[in-house]
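Letters are used for the chains, namely A, B, C and D, taken in the order the chains are written, and counting of residues starts over at 1 for each.
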Amino acid sequence: MSRQTEDHCLTGELCEPTTEQGTDLLDLLSAHIPRITAESADNDRDGTFPADVFEALRKDGVLGGTVPKELGGLGVDSLYDVALALQMVAKADASTALALHMQLSRGLTLTHEWLHGSPSARSLAERLLRPMGSSDAVVCTTVKDAVAHRIVSKLTPAPGGGWVLTGRKMLASMAPIATVFVISAQTDVEGRPPGQAAAVISRDTEGLTVLDNWDGLGMRASGSVDIVMDNCFVADEDIFFRGLVGEHDDAMLAGQTVSSITMLGIYIGVAQAARDIAIGTVRKRGNDQAGTRTLVAEIDARLHSLRAAAGSALSLAEAPATGTLADPGERGRRMMTSFQSAKLVVNRTAPEIVGDCLTLVGGASFAAGHPLSRLLRDVRAGSFMHPFTYADAVDFLSAQALAP
Amino acid sequence: MSRQTEDHCLTGELCEPTTEQGTDLLDLLSAHIPRITAESADNDRDGTFPADVFEALRKDGVLGGTVPKELGGLGVDSLYDVALALQMVAKADASTALALHMQLSRGLTLTHEWLHGSPSARSLAERLLRPMGSSDAVVCTTVKDAVAHRIVSKLTPAPGGGWVLTGRKMLASMAPIATVFVISAQTDVEGRPPGQAAAVISRDTEGLTVLDNWDGLGMRASGSVDIVMDNCFVADEDIFFRGLVGEHDDAMLAGQTVSSITMLGIYIGVAQAARDIAIGTVRKRGNDQAGTRTLVAEIDARLHSLRAAAGSALSLAEAPATGTLADPGERGRRMMTSFQSAKLVVNRTAPEIVGDCLTLVGGASFAAGHPLSRLLRDVRAGSFMHPFTYADAVDFLSAQALAP
Amino acid sequence: MSRQTEDHCLTGELCEPTTEQGTDLLDLLSAHIPRITAESADNDRDGTFPADVFEALRKDGVLGGTVPKELGGLGVDSLYDVALALQMVAKADASTALALHMQLSRGLTLTHEWLHGSPSARSLAERLLRPMGSSDAVVCTTVKDAVAHRIVSKLTPAPGGGWVLTGRKMLASMAPIATVFVISAQTDVEGRPPGQAAAVISRDTEGLTVLDNWDGLGMRASGSVDIVMDNCFVADEDIFFRGLVGEHDDAMLAGQTVSSITMLGIYIGVAQAARDIAIGTVRKRGNDQAGTRTLVAEIDARLHSLRAAAGSALSLAEAPATGTLADPGERGRRMMTSFQSAKLVVNRTAPEIVGDCLTLVGGASFAAGHPLSRLLRDVRAGSFMHPFTYADAVDFLSAQALAP
Amino acid sequence: MSRQTEDHCLTGELCEPTTEQGTDLLDLLSAHIPRITAESADNDRDGTFPADVFEALRKDGVLGGTVPKELGGLGVDSLYDVALALQMVAKADASTALALHMQLSRGLTLTHEWLHGSPSARSLAERLLRPMGSSDAVVCTTVKDAVAHRIVSKLTPAPGGGWVLTGRKMLASMAPIATVFVISAQTDVEGRPPGQAAAVISRDTEGLTVLDNWDGLGMRASGSVDIVMDNCFVADEDIFFRGLVGEHDDAMLAGQTVSSITMLGIYIGVAQAARDIAIGTVRKRGNDQAGTRTLVAEIDARLHSLRAAAGSALSLAEAPATGTLADPGERGRRMMTSFQSAKLVVNRTAPEIVGDCLTLVGGASFAAGHPLSRLLRDVRAGSFMHPFTYADAVDFLSAQALAP
């Protein structure tokens, strides 16, 4: 498969990698696409995590894609190229792309810590990045506390020094094969205000349980299970400390953007895959009813617009921090505004496109095992991705627009 | 539960039955709603047909709802009221409503044959309606030939008189419990042009096999299986003969409308159920972010509009055949235009509403077992319902508008 | 022109009057449509109020259309039929319909005062209705204070009894020919909380000036000028007193609905007129490109839905105050919910339809004098009609939905 | 005004020029924006062409903006930067931008002729470009034959050599001040198939009449009048000959794209101007109703997406003709696909945005003289811009997608 001749590249954005390392990553990934495609239907039906695919990706160095070359990785530092890689994988299987995002995104943010963090953060980041670069570490990061259990994950001081971590996290994609977990929690120290932190623990830590409880509407092969931390010990040097709970600094918006913006590639990949299936079916059928042709044109016009919106937000997010972007708060706001604008449009339009593809294909696509059935369910995950629900995005974007 | 105080009745349409018999049907059905609701999640997960629910409905006479009183049924002849009944059931479980539609819709069209058909059609209709009225017959009607098998179902003359039926049908909802099948087929007689026909055979007919192969994206409990006819014998008097293949008469549009228009109630019921879940969640959460309130208002405004569009099309479809509706062709065109206008808007808007409900509820709704997950899958079936795909509806509506 | 054969009647709603008096009103109006049509382009260009048309309507008794027969009018009391009449006029000229609404709507609400008001309100209502019924009074009602002048219209006690009215009102449609003005104002009496009132003054009242300052984007022939009240004397018996400022009672929502809901017919009439022009052009051109046919079908499907939504809201608004509607607060909420749901959808969709009609017709429709140009501008007025802006509608509808 | 701090630059695309010459052009233009803004309301009301503005632009060398430096111009060859310049002007006045597009676009396409044309085309292009570069020539190009007159403009051989041009053109924006006209026409020579040609004639050519008949719904100051050619003599060397009528070569799609794609900047500028007015009004009012905040967020998200779609199409259109773009037919198809995808979305979404801005501002924006009134009318012109109506775009895009 030559990337250059794919249909969607007719329209410019999210088509060609922009860096040499990005090209290397896409080349490595290309070889795995047939296998990912082949497994996708079974893994979706059974809710099975594609551990074998990830083992193959690991052996090929893909899981160190965003680790700096000095630390043994491929050195991809372009958000645009990572989104492109995730798009390619998502066209084959969105669950696999979502899990892969976990690792590639972590490489990006840890590299930032390694370059710009405090001395202790640099050291911890390096201790994580090196094994990622050598393909020994698979890192699952969890943010969301398991709502139904109403537990906030907590770090309390251990009697003899260090900390004790307790809580339960949900939506820990890729957890089934993770060797290390980065777990956000609040410090709970008597007499001090609660702080934000991220604790790093290995899979064999006593008290850590990775559940096998993921059963989603879509993204069924992403292994987005819960993990339970029951009095896990964490050494002081294995924690990123990030300030007090409730503190807000617009500069933090930059890191939040970097951490999640490449997922736009996943949902565009899903819409593109649906489009390719539908166009293929219509071509074969030779149908040229008016409604069919109009839907086809409208699908392609909207896809063009989605790719452009995502491409533009990704480019801004990796623009150098100079000029008006020199101020960290301003840079954070601009990155997040552009990201959320694109995300809002993608979250609305990608499901519409996939829906129109089912309409084009007709009743045959309503079978549980039809690929469009999977895409219709997978694409819906977009509106639940971090950061910002629809209501939060409305609050944020309108506040930016109406700020004096 | 008092029907009068339901939220959606704030807005007028598809709220109250318009006939006494319709009221009786809704009262009978009300008692079964809790059970239908209780089973819905499990049946959806397992793809199980709710045979016990239908046995209970049968015992209560619901399955003879649209059979004339003279023939032992409840005598509901209002399309509006049937749509209302299906809406009520669909709010609990759309699959059950889709299967129930099969029986109620057949009662309506057979009653028309019984009243206005040729002598032989009247007689056959009566032989079907009487056991439906006494709750002994469950009638599954099939139209669509199984595409993948590229077989057109055929009736060929049997050597000693009568006919032999061969073919394969798909999407035969409610087939798992049907006692009788009405199967559309083409007559294939040497030297004569092919004719359209509908053959009536009982479940125990030799050569008839009801498969257990339904595994849909949604409507998973509707039992929409394939049936195979392998040289089934059909007596001459058990066939409705309907003219030559390819013949078209706009008067036929009326029957096609009657046969399918009440399904609009199903998809509005699904959207209403999603809305009720989402509103309930938002109420509990006490959230009043701007985006949340706007989505809530937009959902209710669109639901109002869908109910009104469906209600208007249903009213027109049961208007007396007088005045401008006296001409059968004109009446058929008007009924179908109104039906297809409503269907096009319902098929587009109902999925949007359900999608917005997931957005309102958030990530919790992305679990396979969450009721919104089922509704998101079920609602998508609307665009595959007879008659008319999106492209066919565009052809039909634009031809009506542009006719000289 | 037979109403029965109009294209839009293919779809049922807002097609036939529901009362005998409504039929009479439509018959009377029919005769004036050619003249209204003929003048529309010139009046739009010049911003001229069609005084001659209204003189002709007055002579024919149309301006007493909603006055009870006992008081000399036609006795139309169906909101549905009034909306239908306004739709018919709006298809010819929306400005004329908007001005006519002023008179017909006043007849409806004054009749309610006459039947159910306090003794003094009944008497005042009768003194207004009788000359309306005999075609001697043309009544302009104004609500909105002229914003730019930041003046609240006030009624202060006159030294020798009675009141003095001062202020400035805007958007007083039909004022150019009004003989009587009903002007909302606040009572301003020392030591007493401000009250809501509506003062009735004749055109020749000293201190009253009707400006000639209307220059709208659309509705240019509606005469929606400002009026200035400079110390106008008003007798006590010429004022409707309505409670204190800030008081709210959901029962009042019913009156607000009655006063404005029939305007839905205007904006649907505008969309219908645009559709008829576009379809006529496409028919003549004989074009059947895919995009053209799809737009045509989508326009008709949406128009069907708008007419149904408006028809449903109108029917609910004139439903008898029995059953769940017996409670005045509940009735007010239901009437307003249904009205605002329809208005929100009409305000969004009618402009889209008119826009699509320009797309269908092409560049020729971009001339200032083309009827579609006028319709594009006129239709936009819908979102500024009383009661409720978009934001107010979102607040109201979401509050209803989320109320415990 | 610093371009860098404009709100819309928060989102990346169509924000900063990409070339030095583009920067020069924007700097030159900046000085004229206040004057263009100041005149816009009066010119819109009266339908007056801003001749004084263009005289000032001419003196500053803006009208030679896209003429190569060697020929005396500014040498702007970036489509992206030209679109950015038009966007800046359109934010002040869309009519002015549309007229300016006429000149800047001609510079771009004539430069292509000068570089790559046949010897005679090069020579003619140079004879046009030099006076454009020295600000002596203002060139109006006309394509569309005046439809109502059903005349195809023709070039017939003149008795003593050379040609005679006869016909009538419409929508000749900027004609009121043009010194030269480039007029498309068909050659009509006995015994030979008709050919496509573009004749160059100066304003003082005998038989040429520039009418004063433009009276548009919007773009009222663009001077888009008709011109009449009554036996105008044209020398052989003043004609671009372009092949036979009916010949089609996908390579021509590239030139058509270059000629029109920069107009995307105009309609985005209009939407941006409407947004800025609405946001300013809401800020002042201090309103934060839910519906208001949601509209604000949705407007900004959609504007981001429009700018991205246009920016992406512009970037592709000026990408070097290498790699997959090396084949001229392939390059033409890709440029046009990307352009039409963006145009379709801009034509639909920009009017929606402007409409939502009127909703935000409220009734005050419904005055003929309010800037939003002008923007609502101007933005509608987008769907009539060359090349491709909506139906043609559907045909083109679906044909590209469904090509084997």
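Everything below uses one rule, namely that a residue touches a chain if its C-beta (ideal position, glycine included) is under 8 Å from a C-beta of that chain, and two chains touch if they have at least 3 such contacts.
Everything numeric here is computed off the predicted structure, so don't read it as measured data.
Ranking all chains by how far their C-alpha centres lie from the centre of subunit A, first place goes to C. Centre-to-centre separation of subunit C and subunit D, using mean CA positions: 41 Å. One finds 53 Å separating the Cα centroids of subunit A and subunit C. Listed for subunit B are residues 288-294, 297, 393-395, 398, each touching two or more other chains. If you draw each protein chain as a dot and join the dots that touch, every dot ends up joined to every other dot. Residues 144, 147, 171, 215-220, 287, 289-292, 294-295, 347, 351-352, 355, 358-359, 362-370, 373, 376-377, 380-381, 383-384, 389-395, 398 of subunit D are the ones that touch subunit C when the two sit in their complex.
On subunit C, the positions that touch subunit A within their shared complex are 288-294, 297. By the touch criterion stated above, subunit A contacts subunit D in their complex at residues 4-5, 7, 9-13, 279, 282-283, 288, 292-294, 296-309, 311-313, 315-316, 319, 323-324, 333-334, 337-338, 340-342, 344-345, 393-398, 400-402, 404.
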